[in-house]
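What follows is a group of structures, each given as structure tokens.
Two complexes are shown next, each including chain A; its partner changes from chain B in the first to chain C in the second.
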Partner chain A sequence: MIGLNFYLITSIILFIIGIYCLAVKRNMIRLIIGIEIITNAANLNFISFSAYAKEGFVDPLARSFVIMSIIIGACIVAVGLTIAVFAYRHYDTLDVRKLSKLRW
Partner chain B sequence: MSELKADWMSLSGTFLSIATILIIFAILSTNAFPIFEMLEFEPNLVKSSSDVGQQTANILWNRRYPDLIAQAFLIFASAACCIAMLRPHIREKMAEKRKDRLSRFEVYKDSKREFRFRLRAPNNEIIVVGEAYKSKASCLKGIGSIKRNAAVAEIEDQTLEE
Partner chain C sequence: MFTETIDILFIFAVLAPIVYWIGTKVNFNKLVDLWATLGFILSLYLLYFIYEIIKIKEIMVITIAKGLLPISWTFEIDALGVFMASIFVFIGLLTSIYSIRYMERDTGLAEYYILLLLMVAGMVGVVFAGDFFTFFIFWEIMCITSYVLVAFRKEEWEPVEAGFKYLIMSSTGSVMVLFAMSILYGMTGTLNFAYLASSLSNGATNLWSVLALALVVIGFGIKASIVPMHSWLPDAHPAAPSSISAMLSGVVIKAGAYALMRSLLIIFIPEAYNWQVIVAVLAVLTMSVGNLMALLQKDLKRLLAFSSIAQMGYIIFGLSIATFFGLTGGIFHVMNHAIMKSLLFLCSGAFLYAVESRNLDELAGIGRKMKLTGVMFTIGALALAGVPPLNGFQSEYMILFAGIDIGSMNTIWYIFSAIMLLNILFSVGYYLRLIQILMLKEPTKISLKAKEAPLAMLLPMGILAILCIVIGVYPGPFVSYSSSAAKAVLDVGQYVAAIIR
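Now for the complex of A and B:
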């Protein structure tokens, strides 16, 4: 059986990828993908801790949290992508550094 | 008039938000918030071999139902937000704004009642004026021909031979 550390390291790698994405990328869609990667890292942590809390047992509460987190993540992506579409129509760019003037 | 409307909208929105906050505060000061009764600090572990999905569903429906209601509200709000931002008339407004920023061909009738076209830059300066056409269709054809040919045309400097 794969140990808890494997999942934790995977989630740390995902978290670092997400942070890198947020810090370096300029494209709005890539930033949204970065946010989603970070959310998935947190979800993976929840699930792995719930599975390894006690030998042979699982905490269903953590799973229910993850289900909620996935739904909230989907809502964030939907609104974020809509804002990206809106910004693209208005400014003809998805580069966040060119969107410094937030007035329509 | 539209500015006045927007002001009334923002004023009523501000009033509604403040009223909602006050009402929630008044309710919470007299009644305990129901979600705190549902807090469980003892872990409710189930065997890995048993049906974990069923247990998760039970927890969601029996203990976390306010969260589910909040989620449903959130999904509704985000869908409403997306639809509001992508409304057709906003799309049209955006298209108009884009139109203002783009260069355009204008078809018009000159003093001899013949059809002509001119290419206008985003700063409203006229770049090219076409020849006179008898019909509008041939004028539009001329615009199409310019669009096709200008994209691939090469510059031939005829002043070098002099």
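Now for the complex of A and C:
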């Protein structure tokens, strides 16, 4: 059986990848994907903690929380993509550096 | 189900499209506006009953079954929750009255009122929540509706751009808080505030809990616009419709301040984690940067947005003192700033409604044409500057004296208080400049065309302006209201005992 630490290391790597994506990437869609990666890191944390908390017992709190968090993540992506579509209609590009009328 | 206050807001939000449809059938387009206003009035009325219960019982717990407690959803309402919720619903009510005339040139009003009602419901849920599960769901309801409201006028470039920036930065903060929650869950096996407090307070600090603390401060700090994370605010708040700017600047950033207060004072207690000086440095940075940048702005709403950042610095400074007096001042300033900043944004909305301009050079002298709005704007600006008979003075100086009071223990607090005093004096400069430009200069060609705002817009502004004066002249009941909230948030033992018997 794989130990808890492997899951934790994976989720921290995912977290760092997400932060890197938000800091470096300049494409609107990629920024939204970066947020999703961090959400998944947190979800993986919840699931692995709930499975390893007690022998032979899975905590229902973490499972239901993760389901809610996936739903909320989908809502954020939906709103984000909608705004990206409108931005694309205004500027004909998805590069946030071109959205420079306000200072980023 | 989720206390009557939130239920009413949800029911009115769900039924709003049907009401809008009926309104178009009977040729009375304002029906949905009046419907939303009625929803806020009912919600405020029902909140009063919760207030009466809290006054006697101090803490009210709502959950499915007590036996399931560590893992079920919980509402735990104390004096701070009721205090915050009353401000949120009250400002929501005034915004809704204001929107009757202000939003009449826009389409999509059914969506607008659904989003407004849901945003207030989300904020009330955030301050009532007793565990991170409930907290996170309502937090995201508040966040997602506010993203859509910022980008509401999607035909223009500015709201779309500002909305996207706001969405990326603010949801980064939310997911950081989510990650911190997962760490806290792994350490304790629960998400309930009371259980978290009791299991984290006696244990020594370790790497994981400090990481969680850092993520919580960054995540909520983004929403509360603490300075290294503030850059979304000066874009998002001016880009939204003015009524929504008043909501965002007046109350939504206060939800961030509330979340910081709750998590820092109950879960990461100051005795174990010693975060006071770090948070105070952030607060001092926030007020200085906000005030400096506000001085340079030419856009009226952008100036007000930067002044919001500065005022959040005062509130966070009151929190970082973490004594009873500091918190009373901070919580009292939450109320005062909500009143003053909503007043100013509503007034700037009235100018925008009259002449379609936010540029200070073009707006010069407009107060001479719109006398009532101009007078109310002057009252709000003087209150923000901390001029004595108005409400800003009371809370700003309360925070200042709390800072000087704690200085006898650690000298560094004298320096922080001195910087805050300098900031208050410095900020008078640009508020007076604002009054001088808008009220005293000769009217320009554009501002000569202005007509006085309609009654539905003057009424909420008038109520807020009168409140500015009343709280300034007679602060007694308001101070005791906020000090009861401060007492509730500092009394961790009572908060825990209501859940764990």
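Details
Methods note: the second predicted complex is superposed on the first by the 101 of 104 C-alpha atoms of A that agree within 3 Å, B and C clash if a C-alpha of one lies under 4 Å from a C-alpha of the other, contacts with A are read in each partner's own complex, and residues count from 1 in each chain.
By our rule, a contact is a pair of C-beta atoms (placed from the backbone, for glycine too) under 8 Å apart; a residue touches a chain by one contact, two chains touch by 3 or more.
These numbers were taken from a predicted model, which means no experiment stands behind them.
Contacts of A:V58 after superposition on the shared chain: chain B is touched, whereas chain C is not. Touch counts on chain A: comparing chain C and chain B, the chain ahead is C. In the superposed model, A:M28 makes contact with chain C only, not with chain B. Once chain A of one complex is fitted onto chain A of the other, the partner contacts of A:I72 extend to both chain B and chain C. Touch criterion met: A:F46 reaches chain C, while chain B stays clear of it.
In the superposition on chain A, contact is made by A:I83 with both chain B and chain C.
In the overlay built on the shared chain, the residue A:I38 is in contact with chain C alone; chain B does not reach it. Of the two partner chains, neither chain B nor chain C is touched by A:R97. Touched by chain B in one complex and by chain C in the other are residues 53, 59-61, 64, 68, 72, 75-76, 79, 83, 86, 90 of chain A.
Residue ranges on chain C touching chain A, taken from their complex, read 70-71, 133, 136-137, 140, 144, 147-148, 151, 154, 157-158, 160-165, 167-168, 171-172, 174-176, 178-179, 181-183, 185-186, 189-191, 231, 235. Residues of chain B that touch chain A in their complex: 40, 43-49, 52, 55-56, 58-60, 64, 67, 71, 74-75, 77-79, 81-82, 85-86, 91, 94, 97-98.
Chain A contributes residues 11, 15, 18, 22, 28, 31-32, 35, 38-39, 41-43, 45-46, 49-50, 53, 59-62, 64-65, 68-69, 72, 75-76, 79-80, 83-84, 86-87, 90-91, 96, 99, 101-102, 104 to its touches with chain C in the complex. Only residues 51, 53-54, 56-61, 63-64, 67-68, 71-72, 75-76, 78-79, 82-83, 85-86, 89-90, 92 of chain A touch chain B when the two sit together in their complex.
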